[in-house]
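Once you've had a glance at the structure underneath, I'll fire off some questions.
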Amino acid sequence: MKIAVLGTGRIGAMHAELIATRVAGATVAGVFDVVPDAATATAQRLNVAAFGSVADVMASDADAVAICTSTPTHVDLIVAAAEAGKAIFCEKPVSLDLEEVDRGLAAVTAAGVPLHIGFNRRFDPSHAAVRAAVAAGEVGELRQLRISSRDPEPPPIDYVKVSGGIFLDMTIHDFDMARFVTGSEVVEVYATGSVMVDPAIGAEGDLDTVTVMLTHQNGVTTTIDNCRQSAFGYDQRVEAFGSLGIVASENHTATSTIRRSAAGSTGAVVPHFFLERYIPSYVYQWEQFVAAVRDGTQTPVTGADGRAPLVIGLAAKLSAVSNQPVRIS
Amino acid sequence: MKIAVLGTGRIGAMHAELIATRVAGATVAGVFDVVPDAATATAQRLNVAAFGSVADVMASDADAVAICTSTPTHVDLIVAAAEAGKAIFCEKPVSLDLEEVDRGLAAVTAAGVPLHIGFNRRFDPSHAAVRAAVAAGEVGELRQLRISSRDPEPPPIDYVKVSGGIFLDMTIHDFDMARFVTGSEVVEVYATGSVMVDPAIGAEGDLDTVTVMLTHQNGVTTTIDNCRQSAFGYDQRVEAFGSLGIVASENHTATSTIRRSAAGSTGAVVPHFFLERYIPSYVYQWEQFVAAVRDGTQTPVTGADGRAPLVIGLAAKLSAVSNQPVRIS
Amino acid sequence: MKIAVLGTGRIGAMHAELIATRVAGATVAGVFDVVPDAATATAQRLNVAAFGSVADVMASDADAVAICTSTPTHVDLIVAAAEAGKAIFCEKPVSLDLEEVDRGLAAVTAAGVPLHIGFNRRFDPSHAAVRAAVAAGEVGELRQLRISSRDPEPPPIDYVKVSGGIFLDMTIHDFDMARFVTGSEVVEVYATGSVMVDPAIGAEGDLDTVTVMLTHQNGVTTTIDNCRQSAFGYDQRVEAFGSLGIVASENHTATSTIRRSAAGSTGAVVPHFFLERYIPSYVYQWEQFVAAVRDGTQTPVTGADGRAPLVIGLAAKLSAVSNQPVRIS
Amino acid sequence: MKIAVLGTGRIGAMHAELIATRVAGATVAGVFDVVPDAATATAQRLNVAAFGSVADVMASDADAVAICTSTPTHVDLIVAAAEAGKAIFCEKPVSLDLEEVDRGLAAVTAAGVPLHIGFNRRFDPSHAAVRAAVAAGEVGELRQLRISSRDPEPPPIDYVKVSGGIFLDMTIHDFDMARFVTGSEVVEVYATGSVMVDPAIGAEGDLDTVTVMLTHQNGVTTTIDNCRQSAFGYDQRVEAFGSLGIVASENHTATSTIRRSAAGSTGAVVPHFFLERYIPSYVYQWEQFVAAVRDGTQTPVTGADGRAPLVIGLAAKLSAVSNQPVRIS
């Protein structure tokens, strides 16, 4: 499968490299970026072509496109790729605007092309094992879910301005995880938050520390703790409690080295951020995307899976502002 | 210090035995129970006197009383003991009725006797180390607190009927822990819950699985997960997240034995319930109570500390019924 | 059962207190020490009698004696107690002289009284679970055993002089553990050691850091690491490897509190020394001793169990001196 | 740097793939195998050339060779590569014959080419952190080292026949680790072993379960536990004990997922074998080899580092046969 990569920023360049070197059965058909020099740099490093325009990409013999550009451009590219008959991999979020999401999904449906949304954490072996255990009934009847999700440092304030806010930019991953692990839709949201990390984030009307409670259709309650800053590194833990016990994914550590001294025992630090923590999940995601497109089966994260967390995120924003639980119809 | 123990049920008998055998500087002045045979049994086992009436206790030379009777009798006994000039140790909750609590506290204030409320978990070395670390600034500015608190099995339904409901009977310990660790009063409560363990609990108008979000005066958010049933044993964990990292108390295990097999590594079970898990905390609590009374210093858990969690619990009940956050004035 | 405690040094005073307060079915018949003031102090604290002489003890109605005096006095006291028909609990080692041991065991056999040697670590729940798992076949065919056993600090040099050397004083516990976990006698010993902690220990002809390899009759190899000083506290770990995996007892920790910071995760310190680490094992040992004597069953650690580690220890001394493996016939 | 890979069996094919995809600054100059089809398969998969002969490799413009062929061919290839002026990466062991090793090292010295021996475990981040901590004095004065090293399953019996025996094939990695972590040469070896996994291994005159004690020049004692079969997966642990405490590398786990049930807590399995466990170490090794050759600095594992473990291994064989400690002169 030949995959054209659109957008060669940090995440796009990573996807291109993974496809080129670590994904069996896939090659990079070429890369494109609105900044030609960025595309050229990645193209040269990987010894692949740099496309001159989106039209060139769509006219090429690429089987699939990986949309890794800025969020506002996603839907137009989805529509163009759908019309060109390409299989589509789109980074999250599809869009910050629900109508736009629906326009994109409609184009995909009309064209009948595969669409996958890049919620890579579903493919992390530790989280995936939690989902698998829940699905297999290993915790019995699921009762409560806890997600601790904290970034090591806040993004630049310029990014905060266009991010759509913490609920749509950061918690959206956790909304997806909650749906994934419980296997049940969210029917109500209660969100609260504050500015504890950086007043500049508050000045943009955003929050940096939020706690969210979700009620799922099956009665399970999910609580999510988010913070834009975590001194000990990237905090990524999911804990499912049910009638037979708990299944939880703990943080990974950089090494397995332990020190024992008069001060106690000290374990290694956790990986700093997503590139260190989640690289294997990106590889597994590509493998499953490639396999699904090749076999004509459902992509592992659908357009509906891209839409639902946005709906939850918009409800969370409303809840935080109104200090009221918000129903999702 | 001679301590008379009132009530020789499970918790009272335990207190009497601990005072008799493990608390330096304290002895059991005698025991009393409304069921004389129960008092006699404990008295004989510990080789101490059995009092014939509450009046006898109050007229005795006991320096202090340990009130371990059923909740509805607490306030009358507090008042009697205060009038008799005894130092008072009272099991939680003081009462399920806020006016009654205030009547008891008023009598204590009027008499000028020491009063301590039995929130023993504060004296557990693992939780106490969390509080100490937060107070010492080891986590920097506190941001979020998580409490997982689950009993191994629900109490008998007859107990559920008179318990005051899960928020006043079980979560009240966690409300105290939240105040203790954060060092900050609770200003708002949002509670949600369901019946997932036993429909008989629901038939009594009670819940068995609840999730509560507290907002503290200092802006910290606490989330509490409670369940009346935990297949893996007594779940007792507190996790404080702040600007410098996390301090958390994990569950204890019955042994340190680890098994490694083709199925992975398996650690020991957690202690089944509070008698196994918290015995040391009860001893430390007695030691600090005895020291405070002896030295004329403040008892470690005051009457106000007994009152506040009741207020939070009543607000949580209201929140769960109304599905609205409830302010605490 | 009335138990007279002989010797009220640190270990004897502890036994007396445990019997008085924590062992159901047993009481302290009185205490004796060659230093009368020491006996009186313990007697007053526990509100029991102080015997004036060993003869008084043997003539008393005590059912059993706990021999906690200095090692050279053990055998004479065993003989006296046997002749007096008392059940005998004797601290390890029975003697540093094999002929003396045999004299004591012969007196016990002749009198037909119960004898138990105080290898308390067998009763530690974590180590006992390792033995139980091996005995139950949970590790399959046992292949290799590892024991890490290190004291926090060396004893006073005056103690070192009369200790019999590290192999008979410290490693003897591990020789017992090796026999206990494997359930197989030792047939060969290879020992090596050095002075790395304190030259004063070397000046006494002793070692402070030793590594020992044992070959058991069943072909299993045990390696033991000993050191008289461990900066992180009392190191007490046993790891059994077999065809189905590993069962191991890890060190205990003072609390379950974990800190996560930019420096990694930090767990609590390990208990400093045996009084903190092994108190429960002493209680369980007394319970099983009392039950065995009461029921007329075999005491859990026999005279032969007291003799065998001494034989291994003497072979280890010889091996360390000769730098040759030493067979045990 | 252009690296020709000699030998495209499991390890050679892995090296070729890592160089091709994961090592910045290095490319595969081509591959060679005595079985041409094997070379062609790897060459096609990686889109590189397949050499027709060793002579072609040596005549090519490759800057370096990676010798991944069978052990008996190593020295001839080292000599040929040295004469051709290539930088040399050679898999361990250099040879099973000490004279042959010396012939190879002499050719390297004469040619002045870089030589690196593939003891990849030194580059594992967890073990490397142990070495770094010891070297930095974090454990104070080093006293005792423990290495647990067990393969998941024994190799095919045909491999056992030509392996040189467990000490030269398997323990040799641990001899290297002992030298690496202690930073001190081995002066005496005592080895013992048995056949507990498969009688067929014994029929070849080999052992499958061995325990080795090493005495280092600096007085430190290392104990090594080896077994050809480990039911719980690849056991790879190193524990350094010194005057300030312990630094240890624990086993890695496939995920961080934990299950808590009535049976206790269960962690994930350990990676099955070296390809899963040590892939990062192979990448880091290549990076350091490439950097050293590029910068003209010492390769991280020298020819002397390849020779020393062989000397220890031969002494261990002799010790196991004679049941005597063997000095290394």
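Every chain is named by a letter (A, B, C and D) in the order it is written, and numbering of its residues begins at 1.
Assume a residue touches a chain if its C-beta (ideal position, glycine included) is under 8 Å from a C-beta of that chain, and two chains touch if they have at least 3 such contacts.
Computed from a predicted structure; not experimentally measured.
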Farthest chain (mean CA position) relative to subunit A: C
Centroid distance [mean C-alpha coordinates] between subunit C and subunit B, Å: 39
Whole-Å gap between the CA centroids of subunit A and subunit C: 57
Touching two or more other chains - residue numbers and ranges from subunit C: 231-232, 244-246, 260-262, 268
Chain contact graph, described as a line, ring, star, complete graph or other shape: complete
Subunit C residues within the subunit B interface of the complex: 20-22, 125-126, 129-130, 133, 138, 244-252, 254-262, 268
Subunit C to subunit D touching residues, read off their complex: 140-141, 143-144, 146, 148, 150, 190, 192, 194, 196-197, 209, 211, 213, 215, 219, 221, 223, 225, 227, 229-232, 235, 241, 243-246, 323-325
Residue numbers on subunit B that touch subunit D, as the complex places them: 231-233, 253, 260-270
